[in-house]
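Chain IDs A, B, C and D follow the sequence of writing; residue 1 opens each chain.
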Amino acid sequence: MRRGKVLMERFESAVLTGNPARDPSVRTVPVYLPPSYESSPDRRYPVVFVLAGFTGRGRMLLNDNPWSPALDDRMDGLIAAGCDEMILVLPDCFTRFGGSQYLDSSATGRYETHLVEELVPWADARFRTLPGRDHRGIAGKSSGGYGALTLGMKHPDIFGAVACHSGDMYFDYCYRGDVPRFCAQIQQAGGLERWLERFESKRQKSHDDLLTLNVLGMAAAYSPDPGRPPFGIDLPCDLETGAFREDVWARWLSCDPLAMLDARVEALRSMRRLYFDCGVKDEFNLQHGARLLHRRLDALGVPHEYEEFDDGHMNISYRYDVSLPRLGKALAG
Amino acid sequence: MRRGKVLMERFESAVLTGNPARDPSVRTVPVYLPPSYESSPDRRYPVVFVLAGFTGRGRMLLNDNPWSPALDDRMDGLIAAGCDEMILVLPDCFTRFGGSQYLDSSATGRYETHLVEELVPWADARFRTLPGRDHRGIAGKSSGGYGALTLGMKHPDIFGAVACHSGDMYFDYCYRGDVPRFCAQIQQAGGLERWLERFESKRQKSHDDLLTLNVLGMAAAYSPDPGRPPFGIDLPCDLETGAFREDVWARWLSCDPLAMLDARVEALRSMRRLYFDCGVKDEFNLQHGARLLHRRLDALGVPHEYEEFDDGHMNISYRYDVSLPRLGKALAG
Amino acid sequence: MRRGKVLMERFESAVLTGNPARDPSVRTVPVYLPPSYESSPDRRYPVVFVLAGFTGRGRMLLNDNPWSPALDDRMDGLIAAGCDEMILVLPDCFTRFGGSQYLDSSATGRYETHLVEELVPWADARFRTLPGRDHRGIAGKSSGGYGALTLGMKHPDIFGAVACHSGDMYFDYCYRGDVPRFCAQIQQAGGLERWLERFESKRQKSHDDLLTLNVLGMAAAYSPDPGRPPFGIDLPCDLETGAFREDVWARWLSCDPLAMLDARVEALRSMRRLYFDCGVKDEFNLQHGARLLHRRLDALGVPHEYEEFDDGHMNISYRYDVSLPRLGKALAG
Amino acid sequence: MRRGKVLMERFESAVLTGNPARDPSVRTVPVYLPPSYESSPDRRYPVVFVLAGFTGRGRMLLNDNPWSPALDDRMDGLIAAGCDEMILVLPDCFTRFGGSQYLDSSATGRYETHLVEELVPWADARFRTLPGRDHRGIAGKSSGGYGALTLGMKHPDIFGAVACHSGDMYFDYCYRGDVPRFCAQIQQAGGLERWLERFESKRQKSHDDLLTLNVLGMAAAYSPDPGRPPFGIDLPCDLETGAFREDVWARWLSCDPLAMLDARVEALRSMRRLYFDCGVKDEFNLQHGARLLHRRLDALGVPHEYEEFDDGHMNISYRYDVSLPRLGKALAG
């Protein structure tokens, strides 16, 4: 099998310099170049930005696993089986809160801007990409699927195809149920700052730790509040009384793809390909949101492809076998 | 140690005859008579109705356990240690949906009426109780705590003291997060009827099975709808689209003790004793609701006793060691 | 349905008086009397001693459960469906180490003697039993199944039929794998005495707690050693080095029904009925032992009935629906 | 921070060509070159072979993780903090049975030979290593720790220092308890061949799946039997009767480091550094074996360093922070 090549690129981000969460502004951005890249020096390729899920970053998509190929090996295999050759760019938008949801937030930094205004032009300049949104796609799983779908909605001039696997949506079902436990965890730790310190110092993160980080990460993305100590984040609960905060929740909901949809219908309609799927046993209940999105798009007459598969939320990178060839076909020159 | 005696009374309920869920109208109602009951034939005793939690019934409170005494043994021990002697009545308000929340519902039956209008007078007639609400208390844990608290709110003429352990309240935190999974389970089974059939035929009930039954049981109690096949129950989700149903949820919320409070303040104020507690690690997040209730009662100037303990929701019958002596003192002649 | 009656008998045991583990010598022994017992004052009935599993005692067999009848209700139902009427005696052989395996041990007490020499004659004297081993059976599940099988082997003059559900056997598979963790738990606690103190004071027993108690309980039964402080028990591991102790293990193995078999073949051959079964997913791997026993009995030409069922080790009291009618038929007058 | 470099080397193994398990003979062997490697073209470095655990291979040691650095990043950090610069070679000895235990087996292939006779000379030829056993170490965790310790025992002429984290030893405690469940899993699947097929086709591997693979992998390593279909492996249980096979087990035990010790004392005594550790909560009970080894080495007067840490078996790559600097110091020129 002919193999592509992975470059571990070092990217110094101006946009992320001095970011409020004090995360690094220099990031490692792995880039997959397809098998013919070196031997065909005049050829240009479509490019797909692949976004990691929560607590992930690009390099993690290359992690080796005994029974599931890393993304580079997977791509080699797909290409060998007939998939169009593509460049894959694997951004790092990780933060100390576990992720950024790939959007601009006063609490974490301008990750959407970093991606769209820095990485996209950089990739075009540095690699032989086919220029233009018609040859540029975006894909991801979980929070990466959220990023792919919403960046497609917001930047149809930049991205011409979207693949979203088990993406965060219908926040009432995928996040809200975790708020009470989040609240208890933070209260027990004696506040956000102490909780985060402890979390960072723990060798083994428990299920409750990661659940709590997840809510915190979402709050950092969806309800930042520059005036609120210690982290400039409004929480969906009142730490003193424990009560749910409907006002903060309303801010979260405005970031829900289902809520964003009406204002972004034409963006999605313009996609050369819009693919999304979800497992019917998704532990975060995301299949409900995916079905609602599917139903809404049908009603709106927006072309798309929707699949369900018999699995949960974890260890489903094999779903890229379904989406990447479709993106390849849609974005090919 | 002097021991009391348990009678397993057979009660034929007129109120439950022909109940819509086709549950039995004849129930076994265990009654605990204190040690001196037989030897002091002229003495009268306070009476406490103790309500079992969801999936429970009175007899279950007598279940033996190697390291936690059954309620009769516990009561013997408390009395030996100085607690006032009391009669305990252990109603059976179980239904095929797992419970009744001790209220009248067109989907399950009139369990509140059964308790208040049948069992209370029956107990007074059949046993040497001290008559009157000042000598009659109500207690329970979990859904039984919900029952104790709300029956106290609704019938201050009947009950003069309340003890509520880890009671259902603040439904936004204790039930709502389970709706998405409930919805998926029912959808996967092919509808409510099929789900219930399968549930009943399964030897081993899984965690998801019991979570699903819990939501169904609450819907049977809080949002019955006589016209809705197959069971006359409105669900908090649309089984076709999967969407949350805010209209049904509003009906549930009206049964939340926190929502009922304003109209029932004087009932609670009239209690000779109002005790409630919750574990700080409650798996159903009930500590948040308990704190909100405590805060509200404080603001309203309603006397009450509130405790938190370092435990979760399960296997906490030792909390009766705290509440029963207080009820005894409040209700003694 | 005609119903039997349960008497909660108080039994003062001479044999258990001053037992080494300082457990009570007065025990509650529930006795089930069949529906016709009162109305047919001249009739005599077969009797079956039903033994609870580890951490259990007779009263626990009567525990109520929403979807699985207690043993008295189950017996009522079986009799209504045609099963012979029988008296059931439910002994209490619990100890502070979680159980006694129904044998005489210098560490716990003479539970075998208590059962065979005290309870059996008492039951014959106090109730209208059909006298003689041909009308007396013994049954149980898990450690109770072990007790039923081994007491049948050792006392064919007393018991004429045996039913063993998921009984402890093939100790290499059902106990040995737990020794390393047991050892670690005791070491971490700082010795047996401290471990037991902590265990007894914990409100919630963890999985590791119960695993540890199980090994301790078996050691108390199979390898007592009067000279060994603090409890007169030899352990299957060296608490100082952590090493497995083959010498102690050899003592355990001598109590394994598979090892006892050769010397007790004729006892088993004499049974009017020998029934045993096991779930194919038994969490303690007991199905392997059951199959080996079945194979050995076949080779020896000992009549028996063996069944496997598609379930694990817990919540399988429905298996009494299979065994009790067979015992009834075998023991009927 | 100055950074080293990782080369993903492609290694065509003559030794593994035509291996019996039909695993690839071409492997990716990542090699870490320290920061000064390129800028100091005349300098030579110690080399450490780092062995992955069961179900792992060298590349997996480089997997990215949000809160625990990959081995290359970890090494960069250690060197920045003063650790001697070293080359790290990360072999791939994975097989379809989950691993090879880094030994020669007629069932899997000659992985020990591959490592010692192929990779060692190749590394010396291809990279600027300091030649000789005094500058060559071997390290690993879990099955990799087993490999490091036993290869050190067997090849003191090749390796001059050993670091073993939570290594497999005292097989009575770390493997034997899993045999009954292994046996049941294979029986239920209808034999080894079917089990392996199903295993390989399952997207999600369950806990029982991995436990079963573990026993199979150990049997492939410790009790191969060329004449035994389908895989040339003797199992520690009889699949027909379910019984434990003491004869096969004796073969396993001969591969236990504790059993190998007596014949290899001088090899270990010759090490420039012998380091091992284990977590006190090791889920595979390996702390017991580690302590026994420590005790034996002490008794034999073999210099070594032994540590225990407060953790379990998983996610403990941070222990390399302890071992790698010690290896560096021991192996430096």
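Operating definition for what follows: a contact is a pair of C-beta atoms (placed from the backbone, for glycine too) under 8 Å apart; a residue touches a chain by one contact, two chains touch by 3 or more.
From a predicted model like this one, the values you see are computed outputs, not experimental measurements.
Chemist: I need the pair from A-B, A-D or B-C whose contacts repeat those of C-D. Over half of the residue-number contact pairs should coincide.
Modeler: A-B
Chemist: Any idea how many Å lie between the Cα centroids of chain B and chain C?
Modeler: 36
Chemist: Find the geometric centre of each of chain A and chain B from their Cα atoms only, then give the gap between the two centres in Å, rounded to an integer.
Modeler: Whole-Å distance between the two chain centres: 45.
Chemist: Centroid from C-alpha atoms only, then distance chain A to chain C, rounded to Å. What do you get?
Modeler: That gives a centre separation of 57 Å.
Chemist: Check the chains against each other and report every pair that touches.
Modeler: Result for touching pairs of chains: A-B, A-D, B-C, C-D.
Chemist: Under the stated contact criterion, what part of chain B meets chain C in this complex?
Modeler: Its residues touching chain C are 55-57, 59-60, 62-67, 94, 98, 200, 203-205, 311-312, 314-316, 318.
Chemist: Taking the complex as given, what residues does chain B use to touch chain A?
Modeler: Of all residues in chain B, those touching chain A are 172-174, 176-181, 183-184, 188, 241-244, 280-281, 285, 287-288, 291-292, 295.
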